[in-house]
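The first chain written gets the first letter, and so on, giving A, B, C and D; residue counts start at 1 in each chain.
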């Protein structure tokens, strides 16, 4: 989240789309209700289903699953055509004035540079036109130039007229305009809109672009960096933000520094490729400090054996050849037998990946598998799945019982980037151990094996810094010291081993070690700031500067410099998130993006992490663009009942990751006419809560599908009857819950029915006993298609096709 | 309520008279209701964070005893932490039922192992489990380690072990697992951020 | 003997007991407590239902698929009705109304009426207790299991277990006595439930009703039924003209039959009972037993 | 004051058969238990009564079962005695002159048959109230399967019939024991003295004597 949970209550309009916070983040959603109570804010909810967020929303609009970009594109078009964007903000805080290259274009659903054979883009044309003299992109502050980013947007989104939006989304024009008017009001400087979204937007084959549409809308309305504004992803697990930062996906080492590529044989080459150059004189371009973070990370991993002479042990790091190697390719490679071992901790592989049958088949090709969890999960018992003969499964499986959150001390990072500490209450059940113990023993054992027997390239293991007093049982605060970073030698007044105060102090000469630069500052010499519980809120905007610690540098709202105009005066005096105090010559309020004493006149851009120093309305190639285009475009889900009204020849995202194995079949509307969307309920959390008596009890039907009344009448399905949801991949059995909350929609001239299927089936805990032989066929992800967003590798769970029959 | 001597004397003549007629002199005084003792009065309270969604609500976990040594501790009640500025004492249905998650009968109690082709789990000790875990990783890594790729470039990686870190892990244990994964040079590393 | 001693009980904040004389409670006064249910911000998440069940350590049943199919009961509601091991229940009702589709979601439990039907109907002295803070609770040691509380309750709340003892929400009186707030009110994520003094809750409720009217809910009302002298749970209902759809009774009050049965009939009964006893006693005294007269008086039968 | 006849042996006439007596006393005992536990339950002033009837819960448990016994007994009574209890013109006259009856001036009364007007009236009160008790009792006992309105009013009706039946039962018990000396033995031993019969039930006496 750019802002934080309590900040939502500072908002004038809470726009909830692509997410159901009332059900999936209830205690966070209170702040939207408080916004209504405190500021008379309106809550708008756009969702295919009338869910429990809609029950308390002021305005509810039903759209067809998968038509989100059309709706948002329509809003951008409305804001641009009616000049409702915040002109002053757009001029100084976004890349609107930047001029785009002449040869960039978009026609019939494709951007320039598409190569059908490789199904990928050559992105050279997606860039600015550079001024040879300064080396910076050309700009037109008057925003008149036809190819300045603002006009490029105007042209691109001109096709998203209210009529077209109604046609694609299945809502009425009036409904759309009602929302558009409310949203447009928030273009005013003193009216802030916050957008709350979650997996409803991410789980599409064009999820990343979908979210960018919302970011661009907020930038145009001047709502980024302001109190009660921002783009707020309501993330999944309690520590998913922490694990995204620290555990890092394949291409990332902890805190978003990159794994080296094979062609970057020396550290110096790697650092050159990943240290961006400024694209505007006022840009702070903070990633320029990449070398400090990288070398500090190497020092943290391999300590003394990482010396300037051996490139700080750069060669110890693995160099993957695939650009981005994630779940989809894991399954595909396992399915092809390329993977020998699988180690998962607190992750239910089978239930969480689409087309679960393929995953179950893939797991059978493994040699061994180690599962660490506190419950017996479907992944560990894949050999008991439907139609699998255990005697044929050669995989050796090891299940290690781990304690859960209450048995471990440590910190968790919530969706608003607050790092909060928790204490251990009781010991784990039975012989279960917590992960500190397990990895302590595992590492010491494998190190011992390498010391005794040697093996392939043992150096990174043997020289790994393992600075724990009890190496077999590391403690939370020892590890937090590593993550926070410490001085490796006495340097300018700091003792060896003293913890670093903030990431600005990190150095690239090997004198500092830091496991995660973003988290540097959580554990200064004074003590563990994650444990702070001071409830003072001087600004009254819910920032609570002294409660726990917020990466980066305890900044509670990202890009808060953008909440003030060129002279440092807040757009809305009533919500002064950040103000330049001329007497004190300092910024006052939340921790500023820029240096606290940098006067506004210097004009340092608010978006300090971007080379342009400004919000990117156009994802130029010069800095980390996207695989499927610099601008969002409405593409139909891979399994859709209607053709793409805007460009029939290119119906789907041309660059989406689609797999073609024998099990990866795609449904077509003729045999599978109904759209189906999968989602969570407030009563359950993924599959773990099937082991919790008082939650399984809350839904008598345990596993149900929400069927519109009209469809049920047509099919003669009674309430409570068990029905089969059929897709080419598999069939799921569930109870039929006939409801009025999903209604048929008229989309592109066709009547489209939508069916809702909560994902909480499975065989864990009480469900196996209750559902008996239907349990194995109750897992929602048996039927989801193996289609993934190309940038973030999120499966398209939210919109695909199925047919329903009586069981 | 035993009727104390003073209480008995307070029985004014009027009510005494009525009771004689009514109860033939029997005095079955009203023992009044006693309110149930607050079940968490003496319990040890620990501050923790709900493991479910990313609001990360602060909560108070009350355990069975006051922390004395000779007690096998157990969670008896969990409610929201009123001093956490985000949830301020509130919890959703999942948070409110955390006691049942922690004390669930389905909790795994022992390391278990399934040999190739077996039909049932076998219980094994922790030492054997750690031994197997380390042995498997070492064998696969040694066998499939790629020092140089086909183009002769030093890559030092192992592609054939998937090292998947789930999001329920806290920052510290998650980072510890990743640190070991990087040290082993595993390229198939992923965190549960996108599924 | 059901007459109240003026000593102990009142000291404990008890306002009145079932089937007992109403004591004078002027010595100590306690503020009346209430919970405001602002239905307009209730997201139906059932956190209250879980918190209540967790605090009271009850274990409501897991319906098996066969039971579900037989009942045909498929809804977001966890069970069709309150039970002896389910003190409160979130009721869901999907309805197309003249103002479009509305999802009526209501928290249902004992309303802690100020004129409790259960207490009035209960014949066992001391079995139903009303504290001065308005909470109504059962005392199983006094209850004889005659189920008159079920007959008397205008909201159909008390439920009997196998020991023939009634159960219902007791406003977490143990928490309230210890100075805490009820479990449901504390856990409610969106502050739809607010716990406090009755007058504060009524005032806050009225303010919410005003703001709802401004937001287009013209017939928003504050549901604090006068038929039972107001309740411990008061509801802000956005659609005040659809009280029935909220699964709440339109005009809950003490049924005339109970008033009749506990009031006049009791006096008539006592009069009849003592009257007859007096009658036979007078007959005995005035004319004495009607003996068989031997000899002269009844010579006509001869 | 009238003097009781003192001769040692007096001719005894059988008034009630063994079956009558067994039937009467089982029904009477059940009814008595119901009445007392009814008072104990319904009237808070008499709640202490329940301690003598087995405790509050036990009394509430036994009350309906005793009611069932009473109802069956009453039905059998109806079958057996309804014919004798038909109220005739004479009985109405008898009731009109009830004041004479209770003050011992028998001469003004029409000669009574086996049962005089008062006894017949009481019989019918018991028969009707038994049915009412049974119906309303079943509704209150298994109240889950009845509408709440029906349950509430059956409580009221149950109490009304209790008041009526209860009052008359007090009279019945009084008359049967103290009010008319010698009649209790008719219901216990089954025989009454000839003079008793001739005095109280002349017509019945004449029928028995075959005149």
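To be clear about the criterion, a residue touches a chain if its C-beta (ideal position, glycine included) is under 8 Å from a C-beta of that chain, and two chains touch if they have at least 3 such contacts.
Predicted, not measured: the structure shown is a model, and the values here were computed from it.
Undergrad: Which chains are in contact with both chain A and chain B?
TA: C
Undergrad: Whose Cα centre is nearest the centre of all Cα atoms in view?
TA: It is chain B that sits nearest the middle.
Undergrad: Please state whether C-D or A-C has more C-beta contact pairs across its interface.
TA: Per the contact counts, C-D leads.
Undergrad: Using mean CA coordinates as chain centres, what's the chain C-chain D distance in Å?
TA: One centre to the other, that is 40 Å.
Undergrad: Centroid of chain A to centroid of chain C, CA atoms only: how many Å?
TA: Those two chain centres are 49 Å apart.
Undergrad: With centres defined as the mean C-alpha position, give me the chain B-chain D separation in Å.
TA: Chain B and chain D have C-alpha centres separated by 69 Å.
Undergrad: For chain A versus chain D, what separation do you get between their C-alpha means, in angstrom?
TA: Those two chain centres are 85 Å apart.
Undergrad: Mind pulling the chain B residues that touch 2 or more other chains?
TA: 22-23, 26, 28, 80, 87, 90-93, 95, 97, 100 - these are the residues of chain B that touch more than one other chain.
Undergrad: On chain D, where are the residues touching two or more other chains?
TA: 45, 48
Undergrad: At least two other chains touched by the same residue of chain C: list those residues.
TA: Touching at least two other chains: 1-2, 20, 45-47, 49-50, 54, 125, 142, 189, 191.
Undergrad: In the complex formed with chain D, which residues of chain C make contact?
TA: 1-2, 19-20, 123-125, 142, 144-148, 150-151, 156, 164, 255, 257-258, 260-261, 265-266, 268-270, 272-273, 275-277, 279-280, 283-284, 286-295, 297-298, 300-301
Undergrad: What part of chain C is in contact with chain B in the complex they form?
TA: 1-9, 12, 14, 17, 20, 45-47, 49-51, 54-55, 125-126, 129, 137, 139, 141-142, 173-175, 177-178, 180, 183, 186-189, 191
Undergrad: Touching residues of chain B toward chain A in the complex: what are they?
TA: Chain B residues touching chain A: 44, 46-58, 61, 63, 73-75, 80, 83-87, 90-95, 97-98, 100-102, 104, 106-119, 121, 126, 129-138, 140-145, 147, 149, 151, 153-180, 182-195.
Undergrad: Per the contact definition, I'd like the list of chain B residues that touch chain C in the complex.
TA: So the residues of chain B in touch with chain C come to 1, 3-4, 7, 10-11, 15, 18-19, 22-23, 26-33, 35-39, 41, 77-80, 82, 87, 89-93, 95-97, 99-100.
Undergrad: Looking at the complex, which residues from chain C come into contact with chain A?
TA: Residues of chain C touching chain A: 40-47, 49-50, 53-54, 59-65, 67-69, 71-76, 78-79, 94-96, 101, 103, 105, 189-192, 211, 215.
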